[in-house]
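Down below is the structure, laid out as structure tokens.
Naming follows writing order (A, B, C and D), and every chain is counted from residue 1.
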């Protein structure tokens, strides 16, 4: 063993900085950092900051001549965010991803936060209110003087099959589906998470609610039947909605139907 | 360090058996063993042995005065099973759980194997054939001279809501559901996995298939509509079916509907 | 179709209450309700209420002559809790489980909430502070005039193998482990979540932290080496700690080592 | 309802082909198909075909003027593969992805199969034999006259921290890690799955085995201690190994250390 300090006593002599030593393999690393780090967060919503719990990934580029990065500094950045009670938003993610470059002495960085997000919704007929949950991911990429942020929302909806409706004397199979919309917007043109979620829900056979009374259940049933859509229709209609947002730079839309007549999913994706 | 052997050389002197030493805390351990051990298996079916991959858990009771069990012997038992090409069945699981007691010098043991199981099914109208997959767990408990085996099958089905059908002018919400049947049978009275799965499927609003042609899809849609069931109906009807099996000693039936109008599940359980 | 209302118009005549009708199968249901319902929550801690997101399961017993339960009332109970900003604690869970009986007109009920829980910890040498996350489940069971609550904490720790230490000339394999402690306490004797978590951490080869500086990493490495424990030692030592709590009615302790020398886990359980 | 057939009777008149109708949104779909389809498979190994269970995803491009794809044909392709007992290999995946284009009348397609894969390994000192499991993904992309196949292997290994070893008087923290290697090779130059897995294992602090006797455990412990590697070292050394394979067209290497001193992972990636 190479240290000479007594056990349990911290030496006055600084400890060896193995990570900071020179690497001789001449191979740069695209990204190195931490994953699966859970932290309580505030999230910016249309009604102000609300609490959630996020799963963070953070990483930076490492030049060919450096042996290692400084893992503890990633966690230190989250501690700072937490202490300052900064509410997550695309702008704050962009800022944090730039702080990452400074803190880690890096020239490229990535930062993502995945968290459940809640919206209070009124049932369509009775108006009774309840929360619906959505999974959101904010993903920032930074280089000196530049940062881009992609927003991903996963929206559970109902889909009803047009073929089943057409060929059957009555009824039509329907099921829960999940639409994943991921988009990047020009600065100053970033819509709220709620606006993106509503844009998806409007294109489903029917949207979902946490709490429905009988008149609401009748509405949902008939609305879905009147509004049959294949998984192909779903991704096309959501893609057209997203294109209509001012300032959209790029996007992808995926839909997965957890088929109620099979034990597998129907799935489609459009990118633009 | 306490060994005196040269590095990399195995000493002629036997290595210390730490696990085999005496424990002084006077506290017996209910179960100790291994988990999340994946092994290729053969499974006994109505058509003979078929291949799958199982996730094994294995454990034994440890008396108060023993420090540790012999972890490598659990894996050795699977190696023996694999080498002998034994096909898993309730009887073989019972045998293996008794072997476990001998091998681990224990007086109580548990052994479980969870694996995907496939049945070839013919579509209801076109007759076209395809495989459907089910999750199965075989769980054995043994003590000297005695072993019991529980069979668990997880059967994905379709459920259609009677309330939605009743109150709506047309259509009815429906969704994928999962029925979990767990049962223990008297010796010599154990039904095949296929028989248990068919007993569950017969009680659903409709069963599922991997491959359906348009006439089949019409049949499935109308059959489910004609056969609306709440999650409560589903567990009751499956429970009645299970009670009708000769030799059933105990059972539990759970059903979970992945609701197509909510982002949560409806769920029910009957034990008997 | 059996309704006479015009499409899209809610009839003045009350809608049929299918769930409320009489059932003729003469089979009571142990539990029926909802699952996988995510809701933002406040959780009672030693420092006061803090925010988290919980996954709820809620269910009641259904008598043999009733066709169905009232699913929407489960969600209504969470809405009430949320509106009143009630912080979850064993006492509040017990209260909610009694409210469940009244609201659902039932004589037995179950209610569980699973959520991530955070504790700020100071690193062992540098004292630098960061959050650690734990999974907690509060599980209540109620019948008229009675409610019991079990607390489950899942605590990630480090384990170091005594056998590997004993037989090797240097080093010893170690790994991340998870200890799951579940316990029920007499009324008025319920410890804080933090106290239970600390009781588990104190028995590991070493506890974990989110953020460690080099002197801390040296401490953790040496502390684990000085404190080697088998998975059997871990469950025994935690079980002894739990028994020392005043008012403990029943408990189970499980430990799972995600072995660093195998691709499976070592696992043990003690109940008392 | 629009059909005129009697319920349950298949009309002589062909059923409407809704999917085959013309779409007017003028929006092509990148990929549409099925997901999460489990099927038993044979996998080509150095010892010949062995059984496993695969999770398939299959999708094709859909032109702007077509309303939908023919979902049942994806499943039909798997049925054909299963009936012919074709063993999966990069070549067979490439063939299947070309069949997909013909069957679905498409000009681009994707096909992936994810499955557990087993290798019999001899323990390093005792030579005792046991199986180790690895997750493998074969991913094919096809267009007329062209198909490329990427191979992904997920290899669980042991990593031991150089910093912890350097600064501590004794011991060093170590843990289970997972290395994910994904690579594409020129035709005729595709190595076996076993060769890729061995290339990864050779670069870890130490590889893993299912079954180890005490002399093996001593070897693994000391070998890892003698061979300390950061997550950065791990991805660099594996990347250098992969580059040395003849015919490698592109690759990515990721490593994730399930840290035994934290409740999060250290992670790195190199692409080339």
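Just so we're on the same page, a residue touches a chain if its C-beta (ideal position, glycine included) is under 8 Å from a C-beta of that chain, and two chains touch if they have at least 3 such contacts.
These numbers were taken from a predicted model, which means no experiment stands behind them.
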Message = Taking each chain's centre as the mean of its C-alpha atoms, which one ends up farthest from the centre of subunit D?
response = C
Ask   = Given the two chain pairs C-D and B-C, which is bridged by the higher number of C-beta pairs in contact?
value = B-C
Cα-centroid distance, subunit B relative to subunit C, in whole angstrom = 24
Request  = Report, in whole Å, the distance between the mean C-alpha point of subunit C and the mean C-alpha point of subunit D.
outcome  = 34
Remark   = Where subunit A touches two or more other chains at once, the residues are 3, 7, 15, 37-38, 75, 133, 163, 167-170, 210, 212, 214, 218, 222, 263-264
Message = Thinking of each chain as a vertex joined to the chains it touches, would you call that graph a line, ring, star, complete, or other?
response = complete
Key: Parts of subunit A lying in touch with subunit B, wherever the complex brings them together   = 132-133, 156, 158, 160-161, 163-164, 167-176, 206, 208-210, 212, 214, 217-218, 220-222, 224-225, 258-264
Note = In the complex, subunit C touches subunit B at residues 1-3, 5-8, 15-16, 18-19, 23, 25, 27-38, 57, 59, 62, 67-69, 71, 75, 162-163, 166-170, 230-233, 235-237, 239-240, 256, 263-271
Note = Counting only contacts in the complex, subunit D reaches subunit B at residues 3, 7-8, 10, 15, 17, 37-40, 50-53, 72, 75-76, 79, 82, 116, 118, 125, 129-131, 133, 210-215, 218-219, 222
